[in-house]
Each structure stands twice: as structure tokens, then as C-alpha cells.
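Below, chain A partners chain B and then partners chain C, in two separate complexes.
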Partner chain A sequence: MDKPSTSRRGLSPRLWLAGGWLLLALLAAIFAPLIAPQDPLAQDLMLERLPPFWLDGAEPGYWLGTDSLGRDLLSRLIFGGRIAFIVAFSAAIAACLVGSTLGLIAGYFGGWADRIISRIVDVWMAFPPVLFAILLVAVLGTGLSSVILAIAIIDWTRFCRVIRAEAMGQSRMDYVENARIAGYGRIGIMLREVLPNVVPSIVALLSLEMGIAVIVEAILSFVNLSISTDDPTWGGIIAEGRLSIHQAWWVLVFPLITLILTVLSFSQFGEALKTRFDPVLR
Partner chain B sequence: MLLQRFLIRLLTMLITLFGVAVVVFVVIRVAPGDPIAMMLPPGATDADIARLRALYGLDKTIVQQFFIWLSGVVRGDFGTSISLRQDVLGLVFNRLPATLELAIVALLMAVALGGTTAIIGARERGTAVEAGIDIASGAALSIPDFLWGLVLILLFGVLVPIFDISGRVSPQLDLPFVTQFYLFESILRLRLDLTWDLLKHMLMPAVALALPLAAIISQLLKQSLKEVLDLDYVVLARVKGFSETQVILREALKNAALPTLTLVGVQFTFLIGGTVIVERLFSYEGLGNMAIDAVINRDLPLIQGIVLVFALLFVLINLAVDMMYALLNPRLRRG
Partner chain C sequence: MSTCLDITNLSAVLPNGERVLRSVSLSVLPGEVRALVGESGAGKTMIGKAVLGVLPSSVRIVEGDMLLEGEDLGKLQPKARRTLIGARTALIPQDPLTALNPSRRIGPQMTDRLVRILGWTVEKADQRVRQLLDEVQIRDPDRVLRSYPHELSGGMRQRVLIAAAFAAEPRLIVADEPTTALDVTVQKQILRLIAALQREHGTAILFVTHDLGVVAKISQKVSVLYAGKVVEEAETATLFAAPQHPYTRALMAATPRYTDPFASLKPVDEAVLAGLAAEITAADKAWRRPHG
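Up next is the complex of A and B:
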């Protein structure tokens, strides 16, 4: 399944599209106050449920229409991207650090370290992840840091399982044995010889995990457990859109398209990066 | 050999379940917010609060509470729900069938869809048909069930409203069922009018859950089929004059299915995990939907019970798949 689906040299069109979308969304999120056409929190009951620009009844300046409180949808999506990217980057990196470290230790050292870590992973895998996330955020209290922490606490196993298996495979290779004979210490070999060889997998998983984190944040917002309800989030807009689906379909359609593009881009990006970094495939 | 393998698995399963019980117990007791305060009317005296705390065992230390709860669980007593004031096990058993029906229907769909596309893709290997299947399964896999659910709500609930987007069954219907397995019982009783109504509610959440799994089955089975199709015995069958479809169905599928089977087990637990949010999305009255309410209401006994039942389901599925794999794999069977 690791076959390179696109050309090995140069960037494939799919990677260009994925990278382009992520860059666009990221820049929009960073410069949100400069480019958002309206205040994302401003309510105006005279402007409620305005349709997007190509339909009759649209108002100029409200490109994607408004929700049931008259708030501008495009501006809310742009500001919602801030939360999405903050969660994506921090939660994925935190999960990656914990999971990759434990996976590397379990896979390279084996023995008791592996047994204990693997048992913990088994316990974690027996939790329904979404329920676990909702439970953790309920316990930690809603807020940005709780959401990030909850995702990291749940998803480190994704890194741990893959990196453990890869480190295990690497540590059986001749070069590791040679390094040991050459007199390198165990931890030195793990960091200098094994780690660089599992980096392609880590990078691919990291990109994938960012997509997953965006979804989990959206799910938490959807059940009204993410950050404070004042700040616009993609999941929060979706929850609002789900309620007014028969009156204003656009409130659901646009955040949904945004989420799908973002998730697809992260997964495409991860696959492509893996292919590029992998010394065997390259 | 097989028995030994089974016993070892059973032991690790119990350790895993114990771990889950410890984790969930500790996590929810770290939670701020007093569940007792929420269930009392305003003006309750301190004595009332103390009495209720004692009733739910909340006046003891965490370790004491854990072992009291655990000894109850072993005897089948999961405690009483704080928000619903009912026996937890009864509540769980009342909702579990709805979730199981949804998950099983989704699994069947995923196997049917994934299997068919894998066979077609393997038969048409190297053509545009295979490329099309690859693109479709790639998209189906990358988009999670939550988003598929929303897409389906928009397409078949609003744009072309042919399915129901909320609930498990139309509320005005008179249900003659004795079990909570409404769909299965309606089929057995040949009440196909009710079957249709139940399916109209279940189809979209089931498809949302099925699509990512179907994609995985399709990719993996197609890969295994293509490998098997070059082996001597398959080439021989082809020489004997069987058509390519016959070769795949009669000769290749049996041997190619084994690696897929192992994966489907793990992925089926992911699918069941996905029911939590998909049930919420479609207001489907299953276990996952009740779990979210339990968390919002800080109903500690109910949360513990539901999480443990989910965990039990997960480890049982993994055990079943492991045993099935051992039985079907001739190399393991002989020991």
C-alpha cells in the first residue's frame, strides 16, 4: 500500500492542490482580522439567513450568506480556521512527541518496556475514541487547551503503534548490529540510527493526525464541548447549520466543504511527504 | 495449541478491561462539578446532600469506591444512573441493541461494497476502472464518518428527501416488538412495513459508518487478490478454461480473504466507536447518543457502565477475530 501513487520526482498536481488549499486556509486564519469582510460575532436580525451571493436576496459584502442570527458566514469560517489550525498543529505535535517516543522505546528496547507500553496501548484502544474525547473535555473543562490536551491524550497511540513496529523492524537490521559492535551505546543507536529511519513515517502520521485533530475539534464543537461558544469554530457552525438545515442549507454546506478539503489535503500531504522522504521509495 | 492461545488471549482481555475500568474511574472522579448538587432541588440541606452522597457511595475514598463498584460489576450490578434514576445495566441493555443493529448493518454494507469493488478492481486490473475504484476508495477512506453523515444528510435528507434524518423509527408507529432489536425482529415477524420504516432511518447513518471501512476492505482485498492471481494454482485454473470472474470467486478469494479478515476485526471496533457521534448526528437512540448525554449530565455510574460495555465489545470482537484467524489459517491450525 506504500506504492507511490504519483510521480516520484517533483510535486504532483494533487500535492499542489492540497498544499495550496492548506496554505490559503492558513494564511486566511493568520490574517483573519484583515481579510474577514465582517465582524464574525456581529449579530443583525435584519440580515438573518441571507443566501450566498449568487442567489436572489443576497446582500453585497456577505459573500456566503448569514446564519440565523445574521452573522456573516465567510467571516466566521475564516476566524474558525484559527482554532482549527491551532488545535491541528499543537495537538498533533503533542501526540506525536509522546507516541513516537514511547513507540521508539518499545520497539527498540523490547522486553518489559515493550510489554508495559503495549498493554497501555491495548487499554487505550479499547476506548471508543470520540466518547473518550468528550469525556476528557467534560472533565478538563471546555477551552482550547483542554481540547488540545484531550486529542493528544487519546491519539498518541496512533504514533506509538506504527513507530513501535517500524523501530522493531529497524533494530533487527544489520546496520544496528554493526553500530553496536562499533561500540555505540543503546540510546545513541536509537536516536542516531533508528530514529532517522522512522522519520518518514512520523512525518506522514503527523500530517494525517492534523486532519484528525481538526475533525475531533469539530466534533467537540458540534456537541457544544469545545471552546467558549462566543468564538466561531467550524464544528460550531456545522451544529448551527444542522439545526437550520431546512431554512438555510448554506450554513451547513460551506463549513462542510471547508472541513472536507482540509482533511483531504492533510491526508494527501502526508502520503506525498512520506513518499518523498522515504529513502527506499525515492 | 489453539486452547492455549485462547486462554492467553482471555487473560490479556481481562487485564485490558481492568485497565479500562481503572482509567475511566480515575478520569471521571478528577472531574470538577458535584453530580449530587445537580440532582437536588434548591434549598436542600447539608444533611440531604450527605445522605445522597452516602447513597451513591460518594462519601468514601476513590480506592474504596473503585472496589465497591468493581465487586458490583463482577456480580452484574453497575449501579444506578444519577440523571435517569434507573439501573445502569438495564439502561445499557435497552440501548445496546439499537447500536448493534446499526453497526452490523454498516458492517454488512462495508463488506458487500468493499468486496464487490475489490473483485471488480482485481478483474479489471490496470484499466481505468481500477483507477476509478482507487480514487473513490481513497476519498472514502480520507473523509471520516462524521463528515460522511453530514454529506448524506444534505444529499438525501434535504436535497432529495428520500430518507429520514433523525430518530430510529417514526414515532407514530405502533411497535409490537418484545426485544429491542427492532430491525431484526421486524424481519422475523415479516412486518416489512416496519422494516422499511426502520431502514429509512438507519440507512444513512449506516452508510456513513460503512464508507471508510468499505474503502479499507476494497484496497486490501484487491491488493491480496492481485498477488494471488499470479500464483501457479490460479494460473492453472485459468488454463483449465475458467473465466477470470470464476477464477477470482472460486480460487483466489478464499486465500486472499485471510489478511483482510484480521484487519476487518480491528476496523469494526473503529466503526463501533464511530457510532457515538453518528448516532448523535442522526438523533438515533442508541448507546452512543445516551453516552454523550451521560457525559453532559455528569452521570458517573452511567458513563462508567457505557464505557465498560463498549470496551467489552471491542475486546470480544478482537478475540473472535483472532480465534477465527487461527481456525482458518492452516499454518496456525497445525501448530
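Up next is the complex of A and C:
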């Protein structure tokens, strides 16, 4: 066996770029009231459709311009980040807890437990996810908690399938058999021997899922099914920007860039974390 | 003197009714090394797994008794059986790559068992593990205990597994082809280590192998298996001096000789295999009659 490469433990540009953007966006969201240059809800029709700062006609203090109601775009993006992150974290963690637990049980115990859980997953995944989300929100009613709940209800299957496959592979390893011979209980083996070996995958999926949750939330708010229309959301801003694309392209473009960067960062960050969590790859 | 392991008439079947173990009987005395030889698929490993209680779920034991130090494993409750097997037996596995948990450091993996199953204190377990690592000639126990399995070579990992197997002072160790996955040069060292530790600790070993050379070196008694049936059993010296069964003779003839590297490899004679097949069919018929 060759030496574990210690160099990769240091600066992985992928990890730092992705992590940096996420940290920046997260801090901005947390301290939104302190950072945002304007009130995100304040309308001023005298200031409608101001361009971003480097174009003619820009006003100081409105860095990324304003929308058709004269609301500051940057402030709206920062406040929209709050909702995006709340949804990303709670929905992904909820989906992860449910999906990983069931996946671990199905993969490790096999037999009937596996058959039942896998069939449920198959049925679940037969529904188109976005349609399912819209349906769920329509039933649960709009609002932050129903959006979170809807995403968790839809996406736990993603964790379940991957973790089931991983746990199944690990359970066939000799070290699991060795633990059986030593006299450990089944649940003890599942938690102490198998679980640590699937944690890297759980971490990677969790980060990926946060990105997906951001997209789903944006889709729901784009079709006006997320939370109350007053609160700025990235999807909501995109929907407004689409209407005024010919007069004020920036209202569409900046939230899109923010959304893409965030989702991309989540998935890259997850991959990089997986490499660091895995003792063999590390 | 009571036997360490006593298997009588053990039969196990697959879901399709085919017997994978055919009325196997064998015993291991305390401190004795019993070799199980046979070609792949002969059921050597299956016997080891049956003793350790880790048969695949598709294989079902339909007949026979297994006594571990006089305790009938078949009559114990599952939990009591697990505890007994955990306390009195250990496994030296075939593949040192997958037999250690890749995400845990060696130290906790080795001590955990002593602490959790045998109820030792952490200090005592740690001391014991270090002593065993010394016995398997690992010179830098601190580094090894801190390592993850992938940071050690195959030979090192097998040493760790041998140390782990002996650490809990089991009465019986099942060694499942412990040298097969290793380099030829390392094989010899590992074999010597197992033999030395076995002598020192007086542990009985059920040594599964397909290598007659290994059998001659390490064991006192041999059972030759074919298709899940013991075709011959004898003291090792007797077996090598005067093999009785034609299959045993054929196996010995098929062993490559290093003294004549240009001699072509001989397969087991067709006539011998035909004889074996007839023997097994007859045995199955005789077995089915009383069992319907």
C-alpha cells in the first residue's frame, strides 16, 4: 500500500471556492438586516428599474439596481437567501434522517425489511418530483413549513436508495462477519461497524440535497406556491424578472447567477467533503 | 480429556435440497491443530462457518450436533450461543483486506471486542493487545494501533488479525485459508507465526486450506473433504506416509513439486472422480431413505 497522500488534506480549491461562496451567502443571510443596504420591501416608484452600478443612470446605494417597483435587488437577494438556506438545511436534514435510517435498515438487514422499504421507494419515485411537490404544497397549504415538509417527503428516497446499496455492500464484508462471531448484536454492528462506512456518502448526499432543496424552493416560489408573496424569495424574484426581461434584464440575471452558484457550490462542497471524510480516499 | 470441538453427522442443505455438508463428523482436541483439506467448493469453509454460527441464510443445518467444549450449540438459545461462540472462538480470515473495518483505527477495533464482549477494562485490553502485537512481531505498536487498515500492508494486516484472534484467549480458532491472499514470501512467515502462537497459547485450531504443504507443516490431524463429505481422516504423519483413499492419493500426486519445475501439473484422475461421485450418490441415497 502506498502512503496516504497528505497533500490532498490541505487546500483543495474546489472545497475552498464552494465553501467560500456558501459561507459568504450564509453569513449574508444570517445578518441580512445589518448588511442589506435597503429595506427589501420598500417600494419607490421614483427609483424603478435602476440599472446595476456600472451602467449609466445607476444610483449609489442600489448596487445591483432595482425592480419594476423600485425595490433594491441586492437587498431582496440577501433576504431571499434566508429562506433559501432555512429550506435547504431543514428539508435536507429531514430527508436525510428518514432516508438514511430506512436505507441503512434495508441494506443491512435485507430480507423482508429490504423488500418492504424498496417497494415503497419504487412507488414513491414513480411520481414526477416537481409535480408531486406542487401537489403536496397545494394540499398542505403554502408557507415555509409546508415547503420544507414537501421537499423532505419527496426526496428521502434519494438517500434511501444510495445508503441501502452502500450498507448492503458493507454488510457482505468480512469485518461484519467477524463482528458477528465476536458476539455483537445486529443493531450494534449496524451502528458501529456499518454506519461509519456510509457516513461519507451521507455527507455528500446531504450537501447535494441542500442544493436540490434550493432549486425546488425556487421552483415553488416561481409558480407562487412557496411562502407569502411579500417575502422576497429567489424564485419569486426570477418570476418577476422574467416579466421585465426587456426593460430590466438584471432583475432576472442576478438571482439566476446567485441560484446557480449556490446549487453548484452545494454539490461541489459535498463531493469535496466526501473525499475528506473517507479514510481510504483521504 | 474432553474434546474442544466435536461435530457429529452434520448435514446442511441448500434451498433446493442439495446437501452441501454430508454427515460430517470430526473432532478437535484442546491444543490440537486439525486441518481441513479439499478443493474449492468442498465445504471446508462451510464447516468453519457452521461452527462460528455465520452460515449464509440460504444454508440450513438439518441434522447433526456441534459440541463446543461439551456445550451443544444446537440446543442453546441464539443469544446464549452467540455469547458462547464470541467468548470461546475466533476467526483468522482469508482476506485481510476486508476483514478489518476500513473506517476505524486498528487500536479501537482490537480492544473493542475485549472491552465489550469480555468486559475487560480499557487499560487491560490495551495492554493485552500490545502484548499480542509484540508476539506477532510488530515492532512499532503505537503506529499500527493509530493506523487505519489501508495504511498497512497485507502481511501486517494479517498479523493484526492473528493478534486479534489470539487476544481474547479463545479455546478454538478457525483459520480460513489465512495465507491464501498473501505473497508467497509472506505466507511462510505468517504460517510460522500462527504455529508459534498456537503452541504458546495451547489454542486448538481448525485450519482450513487447500494446500497439502501447509497441512504437513502445521497440523497434527487431517480431514480430507470432497463435496461436503469427509473421505478420509487420519493423523497427519500417517496420512502422508500411507494415504488410504484413492482421492487423497490423487490429491498428493497432483501437488506441484518444486524440485522438478518442468514437470507438467497433473489433474486428479478421472476414474478417481467417478468413484467419488458414485460414493456420494450412494451416501445421499442411504441418507434420504430414513429422512424421506
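Definition applied: the second predicted complex is superposed on the first by the 275 of 282 C-alpha atoms of A that agree within 3 Å, B and C clash if a C-alpha of one lies under 4 Å from a C-alpha of the other, contacts with A are read in each partner's own complex, and residues count from 1 in each chain.
Here is the rule we go by: a residue touches a chain if its C-beta (ideal position, glycine included) is under 8 Å from a C-beta of that chain, and two chains touch if they have at least 3 such contacts.
Remember, it's a predicted structure, so these values are computed and weren't measured experimentally.
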In the superposed model on chain A, is it clash or fit for chain B and chain C?
fit
Please tell me which partner, chain B or chain C, touches more residues of chain A.
B
Angle, in degrees and to the nearest 10, that opens at chain A between the C-alpha centres of chain B and chain C
90
When the two structures are overlaid on chain A, which partner does A:F31 contact: first (chain B), second (chain C), both, or neither?
neither
Partner chain(s) touched by A:Y184 [first = chain B, second = chain C, both, neither]:
second
According to the stated criteria, A:I120 is in contact with first (chain B), second (chain C), both, or neither; which is it?
first
Touched partner set for A:N197, first chain B, second chain C, both or neither:
second
What is the contact status of A:W16 with respect to chain B (first) and chain C (second): first, second, both, or neither?
neither
In the superposed arrangement, does A:V263 touch chain B (first), chain C (second), both or neither?
first
State the minimum pairwise Cα distance, in Å, between chain B and chain C in the overlaid complexes.
18
If you lay the two complexes on top of each other, which residues of chain A touch chain B in one and chain C in the other?
1
Chain A touches which residues of chain C in the complex?
52-54, 57, 82-83, 85-87, 89-91, 93-95, 98-104, 113, 116-117, 148, 150-153
Seen from chain B, its contact residues with chain A in the complex are 12, 15-17, 19-20, 23-24, 27-28, 30-32, 134, 139, 142-144, 146-147, 150-151, 153-154, 157-158, 165, 219-220, 223, 269, 272-277, 280-281, 288, 291-292, 295-296, 298, 303, 306-307, 310-311, 314-315
Considering only the defined contacts, which chain A positions touch chain C in the complex?
1, 3-4, 111, 173-175, 177-178, 180-184, 193, 196-197, 199, 278-280
Chain A residues touching chain B - in the complex, by the definition given at the top:
1, 5, 119-120, 122-123, 125-132, 134-136, 138-139, 141, 211-212, 215, 218-219, 222-223, 225, 238, 242, 245-246, 249, 252-253, 256, 259-260, 263-264, 267-268
